[in-house]
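For reference, the structure I am asking about is given below.
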Amino acid sequence: MDLTPNDEQEALRTATVDWLADNMPLDQARTRPASIWQGMEDMGWFGLTTGAMGLDHATEALLFAELGRFLAPVSAISTAVAARWSDTEGKVALALGERILDSGDTETALGLFDGKAGLVSYQAAAAEPSLDLSTAQTILDAAPEPALLGESEAALHFRLLTAAYAVGCAEAAGAMATEYAKMREQFGKPIGSFQAIKHMCADMAVRSQVCRSQLYYAACALDGEDPDVDFHIGAAKRLADQAALENGRANIQIHGGIGMTDEALAHLPLKRAHLLQFVAPTATAELL
Amino acid sequence: MDIGFSPEEQEFREQCRDWLQTHIPAEKRPLNADEALDFDKAWQRQLFEAGWAGINWPERYGGRGLSIVQQVIWLEEYARARAPWIGANFVGINHGGPTLIVNASDAQKAFHLPKILKGEAIWCQGFSEPGAGSDLAGIRTKGRIEGDEIVINGSKIWTSFAHVADYQELVLRTEEGSQRHKGLSWVICDMKAPGITVRPIRKMSGQVEFAEVFYDDVRIPLDNVVGGLGNGWAVAMSTLSFERGTGFIADQVKQSQEVDDLIATARAEGLITDDRIAEDLAQLKAEVSAVRAMTYRNISEVERRGQPGPEASIIRLFTAELGQRIERMGIRLMGERLLDFRYGDDDLVHDYLRGFAATIAGGSAQIQRDIIGERMLGLPRSR
Amino acid sequence: MDLTPNDEQEALRTATVDWLADNMPLDQARTRPASIWQGMEDMGWFGLTTGAMGLDHATEALLFAELGRFLAPVSAISTAVAARWSDTEGKVALALGERILDSGDTETALGLFDGKAGLVSYQAAAAEPSLDLSTAQTILDAAPEPALLGESEAALHFRLLTAAYAVGCAEAAGAMATEYAKMREQFGKPIGSFQAIKHMCADMAVRSQVCRSQLYYAACALDGEDPDVDFHIGAAKRLADQAALENGRANIQIHGGIGMTDEALAHLPLKRAHLLQFVAPTATAELL
Amino acid sequence: MDIGFSPEEQEFREQCRDWLQTHIPAEKRPLNADEALDFDKAWQRQLFEAGWAGINWPERYGGRGLSIVQQVIWLEEYARARAPWIGANFVGINHGGPTLIVNASDAQKAFHLPKILKGEAIWCQGFSEPGAGSDLAGIRTKGRIEGDEIVINGSKIWTSFAHVADYQELVLRTEEGSQRHKGLSWVICDMKAPGITVRPIRKMSGQVEFAEVFYDDVRIPLDNVVGGLGNGWAVAMSTLSFERGTGFIADQVKQSQEVDDLIATARAEGLITDDRIAEDLAQLKAEVSAVRAMTYRNISEVERRGQPGPEASIIRLFTAELGQRIERMGIRLMGERLLDFRYGDDDLVHDYLRGFAATIAGGSAQIQRDIIGERMLGLPRSR
């Protein structure tokens, strides 16, 4: 039993963060260069658990939480799952009912349909903006008819990676708020010295810690074929969604007026959290 | 104690209702401040001509001089009729005008008050500064006296309607080296004066409603000072005495309508069979009802004792947070349609995103709780 | 329209508080002298809205909130309702299903049965303690068969007075916590100067204010035969129950270790709040 | 990262399970401290004889010296078997003993450690004082040195098992006029010494578990000082280095069982069809699971780096508040039966009332949040 990243995992994580900080800074979240996808592919993130690389889901979840922290394209999730469990190559958008998220540059999407992973083909169309400013979407005229994947693990894999994204999103909001609380002064002191703000930051840290820990456990449960893996992944996604939404809101509140503006970055994690909450949400019954 | 209205008051309510029913503009008020300007001016003109402008202003300044209960009735009917927000005229009617009435010279009043009432002059506020936030005493924008002029340098932020306003109620530091509340002045600033730059700020809901205002050697006449040089803090505070607790009425009616709309939606879409949704809607309905009761209590207090009690801080805090709970319920009922929001949309998502301001603007929820704890409960100061 | 007490109401309230402070201090809540009932009867609280006194429900609610603040016997509620809507004389206990609350010195109880007020006769038996240390109870072997009262207003009256009790209970907890926060020092300062404690006190004040205001409105709605009186009384009870429970808990938290003890008084309002939540609770459907 | 256990560890788990299954006392542990004393002593003796006393104590002091993962396994199995709380032996085994191991002289160790392991000597704590609360630096109980004795005057509060204890780990001010953390000493106080008065305090759940202790010219030998005169703060803090994050294991398993019990109850009584109850139970189950994950992470951190990370404060806070949410759900499912609680009952209501202590004792939830904000996030100090 060991729930901390080992040295190799830490090294991969550091490399991931370095690349993302250089190439995917948050202030470019809504207009990323076209080359970004190729860069991500080169980093190998879409094939971590395929036969070629053969890493475990724990390592993958660790790195996808970092992708989530930088609000990376959500299609990284669907692409990685498609690469592992189907013959599809290249970018695969994320299907959410009749909505295709991050739909550009491909005509294939992957999502959950009644709890099973399935592939969808769709006609390329001009993508429209969504609430999440870094995710464009195409809305189909009718619910698509997916080709379901044979392996039931594909759905678990998909759910795990969405949970990892939400964990990163929650942490992004928490870190942003804490940094701001150290820097911003009111009444002659950093606002983070006021208990009301400090405790909001503490609660954000608690929520982040809770969902990241459950994410690790869930990833290990998938790797170890734990009989309760469904529960653990469901719990991770639920706790991460809640953390991302609540931290996202608290982050704006702590930023005050500036947090209300489009030009500040505080609204980005919240909007992303709202998107993620619809992707593979955990139903109450799955946990009971 | 009673919650009934007299026959005369009920007749007055009928008058309000009748007039509103026949005069409310058919088209919706545009969201962006510049597009809304013509709309706002036209509507204000209509209100003025029918005698509904400045309902709480004294008659000698062109107002309607309604009793506080009549104001309540007008505001309730106004909100119930879903009449448009007065938008660009808000600061002039509810803040700048009242401040002039209490503090300005006869000449200042004669010039400005009629323009405000008729919607001919748009006012904006100039209190908050980058870095000062909720702390008015931290104002750093400076006014240097040169002959019969003040030369202004500095900047203001969160100024709604700055880019369409004609005048600004500007609080600045006219005494060099003065600290906190001393050495401030309240002046009428012509927004067309050379040296003013307005940088509109887009909100996370997409529209442009407020702006940053920069002053680079802006010259305004010393005559534009209201209430005396160096007296700005007292002038700014005096406006509060004009606040009679009626400001919550419109919010309360609007929130009540929103909750009723949400209940109707939840019924129509079958969502109300979810016990969690039913429970939360029931709770919201009870809370909205309590806000009316609190507001009525506060207004009764004003009538009986001449000023609102410290409980006004409670209404402010509770209403702000209740509004956010209502907005969250709104988007909860939308499900995935939430994702289809785009900048410029005017729907529940817009309300939700805009609603974060309720616990930020005009003193954060944290500061409201400090005020309740210290001024109302008598707990020792934290800062 | 006027939602503040007038001078006469204020005078009655002051007289009520004075008597209660002298005769019903909180530190005697669990062992009150036998003479207390006669004293309360002499104060006229059981007949405020009967023909003899002819006061309105608004005045009655105002005074019953004060009774509630001092954790007065809950049978004051049932006795007042019985005096107004039946021929019963003297003390009437409060019926809650098969539980008879404050069951001593009488063999008649009044309570709600399927939303209607009804009288119950029961055999006097040794009363047992309940969670609420100031309320003894007799538990009947079977659900009683009540004689329902004809007037539907009796149930509204009963619900209103329970709401008033809960309002007082919420305020008692809030006042106790605030007093303690001013007096108790930690780290060399009164704990009320720390934002975390101050904000808890502020939130208690908000909850108290919210439910008291709705109580006034509900009482006036009953006096004025408002068509929405059911809703308003239901809302008042719900908000007051929540305030009493949450303030009750916060009060203990603010008291710290001493709040956990039997000898301190902090637990009394919470235990009373738990009792009141079962008396005429407001169902969700009643508010929709 | 993995959550599996090695074959050796699994075999160890079997051993734990087997022994517990056959040795757990049939009768329930009494709630009141004095009634429980014999029970606690007998159970500790049994643990000792089977080699389960002091699982984390070094073998040279009579402990079991288990690896941290073995400790986890033992504690998981202990809780899963619903083995009784070690009660009166808790302070000696988990606090006093470890402090002696790190700081005491050989003579002190030789005398006290075996008695603690065997359940022959009961220890209690003496840190908190009336008026000092969470603030150890505010200790005012004084020890005056007279010859080879310390003469103690003052009082302590919240001392569990004081009226049945043989010894107390007592922190007092031995240097007159010293401030805050300076001039404190950690001493072994004989609870039978003349001048000690114990006033038991009843809790709002009815049992007597802690007490106030008064010292009136109590004389103890200077030899009873542990770790040197004036060094009390360092000694008290040193015990923390003994804390390896395993303390949360038992709580986690217990909470997990409680939630499962509540789900079973809700199903049996048909309450689970209420969406609100189902939702809240599901949430609790997810949260309890996360506590295990957090605890495992913390323990892995200890194994890898030798000490727990600052995240331990988070586990402490979250577990405490989660426990209260579980207890509230417990009484929520009871309905009106809640009212039938009486002092001395041992049921869900007792747990609920007792559970308020979780966010008070050992540093209130407010102080935990300060610690997280300041020590973990690096926010500036408030006080």
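When the chains are written out, they are named A, B, C and D in that same order, and each has its own residue count from 1.
Note that in this section contacts are C-beta pairs under 8 Å (C-beta built on N, C-alpha and C of every residue); 3 or more make two chains touch, one makes a residue touch a chain.
Everything quoted here is computed from the prediction, not taken from an experiment.
Each of A-D and A-C has its own count of C-beta contacts, and the greater count is at A-D. In terms of the distance between Cα centroids, subunit A is separated most widely from C.
Once the centre of each chain is set as its mean CA position, subunit B and subunit D turn out to be 54 Å apart.
Averaging Cα coordinates per chain places subunit B and subunit C 39 Å apart. The mean-CA centres of subunit A and subunit C are about 50 angstrom from one another, to the nearest whole unit. Residues of subunit B found to touch two or more other chains are 275, 279, 366, 369, 382. Residue numbers of subunit A whose C-beta contacts span two or more other chains: 189, 194-196, 199.
Per the touch definition, subunit D reaches subunit C in the complex via residues 128, 131, 133-135, 138, 157-158, 201-204, 206, 331, 335-336, 338-343, 349, 353, 356-357, 359-361, 364-366, 369, 382-383.
Contact residues on subunit C toward subunit B in their complex (touch as defined above): 1-6, 9, 56, 58-59, 62, 178, 181-182, 189-190, 192-195, 198-199, 201-203, 205-206, 209-211, 213-214, 216-217, 219-221, 223-224, 226, 231-232, 234-235, 238-239, 284-288. Interface residues of subunit C, counted against subunit A in their complex, comprise 194-196, 199.
In the complex of the two chains, the subunit B residues touching subunit D come out as 274-276, 279. Residues 1-5, 9, 69, 72, 263, 272, 275, 278-279, 281-283, 285-287, 289-290, 292-294, 296-297, 299-301, 303-304, 311, 314, 317-318, 366, 368-370, 372-374, 376-382 of subunit B touch subunit C in their complex.
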